[in-house]
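Both of the next two complexes hold subunit A, though its partner changes from subunit B to subunit C.
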Partner chain A sequence: MSTEVMLNEFKEISQHPYRVLSQYKQEGKKVIGVLPYYAPVELVVAAGMVPMGIWGSNSKTISMAKEYCATFYCTIAQLALEMLLDGTLDQLDGIITPTICDTLRPMSQNIRVAMSEKLPCIFLAHPQNRKPSFGLQFTMDQYNHVKAELEKISGSAITDEALREAIKVMNRNRAARREFVKLAGEHPETISAVTRSAVLRAAWFMEPVAYAQKLEALNAQLSALPVQPWKGRKVVTSGIICDNPKLLQIFDDNKIAIAADDVAHESRAIRVDAAETGDPMMALAQQFADQDYDVLLYDEHSNQNRRADYVVDLVKKSGAQGLVLFMQQFCDPEEMEYPYLKKALDDAGIPHIKLGIDQQMRDFGQASTAIQAFADVL
Partner chain B sequence: MAKEVSPGVKALRKVVEDVYADARKAHAEGKLVGWSSSKFPCELAEAFDLNVMYPENQAAGIAANRDGEIMCKAAEDLGFDNDICGYARISLAYAAGKRASRKFDPETLEFIIDPSTGKPLKDENGNVVIDPETGKPKKDPKTMQPYTVLDDIYEIEALPETTEKEIAYKNFRREAIKPYRQMRMPQPDFVLCCNNICNCMTKWYENIARMRNIPLIMIDIPYNNTVDVHDTNVAYGRAQFDAAIHQLEQITGKKFDEKKFEHACENANRTAKAWLRVCDYLQYKPAPYSGFDLFNHMADVVTARGKVEAAEAFELLEQDLAEAVKNGTSTTPFPEKFRVMFEGIPCWPKLPNLFKPLKANGVNVTAVVYAPAFGFVYNNMDEMARAYYKAPNSVCIEQGVDWREGICRDNKVDGVLVHYNRSCKPWSGYMAEMQRRFTKDLGVPCAGFDGDQADPRNFNEAQYMTRVQGLVEAMEANMANKEAEGK
Partner chain C sequence: MSVFTLGIDIGSTASKCVMLADGHEIVSKSLVAVGAGTSGPQRAIAQVLENAGKTKEDMAFILATGYGRNSMLELADQQMSELSCHAKGASFLFPDVHTVVDIGGQDVKILQIENGVMTNFVMNDKCAAGTGRFLDVMARVLEVKVEELGALGAQSTKKVEISSTCTVFAESEVISQLAQDTDKRDIINGIHHSVASRVAGLAHRVGVRDQVVMTGGVAQNTGVVKALEEELGHIIYTSPLTQYNGALGAALFAYQKYQKEQKG
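Here is the complex of A and B:
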């Protein structure tokens, strides 16, 4: 299969998650919606069900969700609720609602209330003190709750063996994504910003094994390509999500390649694997404990600026000339960490721009001007 | 004539003054001063005799002193988005060294008065004196204030002090910082964070720790989806208490004093119980005071609930209230026609504006959610861990509704006024559903308005007036219907 054909397949899936969901249902599979962030999809896989990431929508308009939300909530969460209310996600068999930010806390309640007669909602509260033994224990307690709820939906018990297998599947899936991110940074002439996003976005909709296989095949072809000199610029992207093709087209139009990312929807979600041996539930808890450098997570070395230093290091190692921060509107965790990110970038002499975005954006004129101007200074 | 203040209220005011004064003294003596989130288990710090300040209480005070905007803007200039909680912005600006100060002439070292400030001058008969030149009321010079400007304590400290003139200037600039207690709070040597009210708290305190390069003690209380707090949550909370004690031992170089801890717990329980009994006086019809008074007393329950003085002051207030009920008096300065629950944190910079249409329509606030929010009552460390899970924004919707409907019933409210607080996403995030439940379960009308706990730019007075009017009309209609049914 040619690279182009494979890329088109990823694009198709990325653009039409509803079709993918319908396909799984036709095949008799059960599908569990997974809201951001850090839900243990391994448990869904181990239960023989399909995890489907829900990160809002670039084409829907907030309407019914207004019955639950004031305007000052992130559009990702509001549009997730919108799709639950308007029937887009009616085929789901359950949904996992993590609560690690201040919007997701009350949203977990709104979703549970709104879906009370429609869909089982599986609540998940991660700990912030996640590294000490009591934090690991609490993560396991929470994951055991998720496991029990998933078992009710699937109708069968999740064995340790199945969970260990699922961990292997997800490790493989994450490894393929990490490899792709690296290859995409090396081959911007083949992988445009729009395409890169489509491939990574498809990961949230496809069955993990099938996705890993397909991506490994693509990666094999990309690694066989000779590295060509890139005439444009390279940047690192940062933020919660930047999967709008129209926005990313501006990068491609200005020959700005994405060398690496610090994006929750992309690399932040795949940095850490779980151990494939030992107690699998502990392996998942340890995996969450090992997540770091994230605006959403408590840093026990908070008097240092570790997260920003990590991002600066990422820029340097990736060979990027600057950083583009996609500031999701109303995302206070990102906003809270911006001053210290800016400081570290400035200290390191790395230029950056902060682009305010949300998923209701339809006009990218202003963003286009800002990105063009930024490309000129790189 | 100044409003008469009851002994209980006086005592409560003194308790808070003392907490701030003690911290200033400790700081001056080189002792450690910590900053703590309002619902961090204060009992732990009390066991180490630590002086602790409360940035939320401070931010509310700064906002009520009309310096919320200048401090919020200072934080925005540091890069913090104006979407971030107003308390957090004020606190982060303060931690960075920013202060609201009084403008002065650097040559003469005299304050420069803002002509727009001040109250009208009155003659001996109490009549406003008109300026014959302008035809407008004259200002009382004693009430006029200098312009407010932003200053920075670290900039001040870096100033040279070799010549007499330099020394005089530096000292004057230090003293020009506004003299109210919240603007003179000592900088922190350590921070105590408990995120039971919001996750914003986590990053807020991390930022402070980074700015000042100081230790942070983190007690993480995950959000709850059930009314009952699960044993696994209690175990997680309890283990963190032990870890926090260990960290405090390292910071202070002292051993944990169990006796002092038990004593602090006794005080905290006694304060919480007295607080709840004071809150219950709003059940009387008419109420002997207004819920707005309760907002003022929150400062005590936040800053001093582990101190015996706070418990005693609330008990004194209780006696005052018993007396008021017996005499049929109230501190509410108007006859009570309607009783409402005020949902959310008040808009501190706009308290008079909030109060105005309520007073005009005889609406007394007889229920506020803070009543149950600070009623931490427990008998042992496990129960204490369980209690700290029950903060306003850490509980599920059923618990939140149950608390509110409980006080609405007990305190006999006719309606609910809901503050959609731009600063507080976790609080405002399920209010729409709660409003529907209040109306369905209690048959009372609800009205929502947009505001902010600290940033005056987010309050729209015209909208507020309209919403209050709408609520009053709905309550009137409800009452008329009830009367008609009764006949």
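Here is the complex of A and C:
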């Protein structure tokens, strides 16, 4: 299969998750919706069900969800609720609602109130202190709760063996994505910013094994390509999500390639694997404990500005000339962390721009001006 | 024989053109007070050519900039962001410029300039506060012309604070002040300081260094310029060509592009 055909398949899936969901249901599969962030999808896979990521929508308009949300509320969360309320996600067999930020915590309750008669809503609270033994125990307790709820939906017990196998599947899936991110940065002439996003976005909708197989095949083809000199600029992207093709097209129009990313929807989600041996539930808890350098995760060494240093290092190692920060509107954690990131970038002499975005944006005129001017600065 | 280049700046509220001879002499300029998506751009182009007695074919290079720059792709040889063009234009008018404050119809940009080249910038978020649109809305509520705001604000004798940064809320605040019979001139002065305060906050993010030059239509409002001088603690330089600055920069870039093409 040619690279172009494979890329088009990823694009098709990325653009039409509803079709993918319907296909799973036609095949008699059970599908679990998974909201951001750090939900242990391994448990869903081990239960023999399909995990489907829900990161808002670039085409829906918030209407029904307004009844539940304050005015200044993250559009990703609101659009997830909107899709639950308007029937788009009616075919789901359940939904996992992590609560790691101040927006998702109340949203988990909104979803429970609005939807619990329609589908099981599985509450998941990650611990703030995730590294000490009591934190690990808390994570395991929470994951055991998720496991029990998933077992009710699937109708069968999740064995340790099945969970170990699921960990292997997801490790393989994450490894393929990490490799793709690296190869996309090396081959921007083949992988545009729009295409890169479509490939990574499809990971949230496809069955993990099928996705890993397809991406490994694509990676093999990309690896075989000679590295060509890139005549444009390279940047690192940062933020929660940037999967709007219209916005990313501006990057391509201005010959700005994405060398690497610090985006929650992309690389932040695939940095850490779980151990494939030992107690699998402990392996998943340890995996969460080992996550770092994320705006949402408590850092006991935060006074050292380690996250910002990590991002600066990412820019330097990737060969990028600058950073584009997608600031999701009304996201307090990202906004509050920004001054620290800015300081580290300024100190390192790395130019950056901050683009205010939300998922209801349809016009990107201002972003286009800023991105084009940024290319001039670089 | 002179080489003519044309810069077209299609903003959100006005269309401006500047024609240069040999990359340094302004031979014609035009301004139509409607911008992207209107008949303004075509009228501005027709005017600038007519003023100079030239045709499109006489132009060695045409460069479009501004919010509506992509609508000019059939006519223009190239398009560039208005930030780069404002930096270019301001550096031509004020060779020692280090900071450009450009307040346009729908956005605010602060540019950092080193040796005539833009090295950093910051733009406002998607919000009308601190922009020309903000002043348009306020002028309408106050029943005065926007071009009268500067002179009226200068007559203020009492400090009035317009504290809301949101245009909609600020409009309510102004209506409330009017209902309390507050002098319009004091309200206008308060509005100027409200704009200046917001723009200054943005400017400090990239740093402010002399010379500070203000461009864009709002630079014609002496009240905002004075209030911003107070907020920033720097003298602000403006030019009679302030509204044409983006188009001027575009025409300068057009000449550079022409020269580059000639060298092959």
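Following the convention adopted for this analysis, the second predicted complex is superposed on the first by the 378 of 378 C-alpha atoms of A that agree within 3 Å, B and C clash if a C-alpha of one lies under 4 Å from a C-alpha of the other, contacts with A are read in each partner's own complex, and residues count from 1 in each chain.
In this section, a residue touches a chain if its C-beta (ideal position, glycine included) is under 8 Å from a C-beta of that chain, and two chains touch if they have at least 3 such contacts.
Values in this document were obtained by computation on a predicted structure and should not be read as measured data.
Undergrad: With everything superposed onto subunit A, say whether subunit B and subunit C fit together or clash.
TA: In the superposition, subunit B and subunit C stay clear of each other.
Undergrad: Using the touch definition from the top, say if A:T237 reaches subunit B (first), subunit C (second), both or neither.
TA: neither
Undergrad: Now for A:N305: first (subunit B), second (subunit C), both, or neither, which partner does it touch?
TA: A:N305 contacts subunit B only, not subunit C.
Undergrad: In the superposed arrangement, does A:Q359 touch subunit B (first), subunit C (second), both or neither?
TA: In the superposition, A:Q359 contacts neither subunit B nor subunit C.
Undergrad: Let me test your reading of the model: by the given contact rule, A:S154 touches which partner, first (subunit B), second (subunit C), both or neither?
TA: In the superposed model, A:S154 contacts neither subunit B nor subunit C.
Undergrad: Is A:M336 in contact with subunit B, with subunit C, with both, or with neither (first, second, both, neither)?
TA: It touches subunit B, and subunit C stays clear.
Undergrad: Taking C-alpha centres, what angle do subunit B and subunit C open up at subunit A, rounded to the nearest 10 degrees?
TA: So the C-alpha centres give an angle of 70 degrees.
Undergrad: Is A:R105 contacted by the first partner subunit B, the second partner subunit C, both or neither?
TA: first
Undergrad: With both complexes overlaid on chain A, does A:Q287 touch subunit B (first), subunit C (second), both or neither?
TA: neither
Undergrad: In the three-chain superposition, say which chain, subunit B or subunit C, touches more residues of subunit A.
TA: Of subunit B and subunit C, B contacts more residues of subunit A.
Undergrad: Using only C-alpha atoms, work out how near subunit B sits to subunit C after the chain A superposition, in angstrom.
TA: 5
Undergrad: So subunit A touches subunit B in one structure and subunit C in the other; where do those two contact lists coincide?
TA: none
Undergrad: Which part of subunit B faces subunit A closely enough to touch in the complex?
TA: 78-81, 83-85, 88, 195, 198-200, 202-207, 209-210, 212-216, 218-220, 222-225, 230, 232-233, 235-236, 239-240, 243, 393, 396-397, 420, 422, 425-426, 428-433, 450
Undergrad: Quick one: which bits of subunit C touch subunit A in the complex? Just the residue numbers, please.
TA: 67, 70, 80-84, 106-107, 118-121, 123, 125-126
Undergrad: Quick check on the complex: what are the subunit A residues that touch subunit C?
TA: Residues 351, 353, 356, 361, 365-366, 368-370, 372-373, 376-377 of subunit A touch subunit C in their complex.
Undergrad: Which stretch or stretches of subunit A touch subunit B in the complex?
TA: Interface residues on subunit A, with respect to subunit B: 67-70, 72-73, 99-103, 105-110, 112-113, 123, 125-129, 132, 134-135, 137-138, 141-142, 295-296, 298-300, 302-305, 327, 329-330, 332-333, 335-340, 342.
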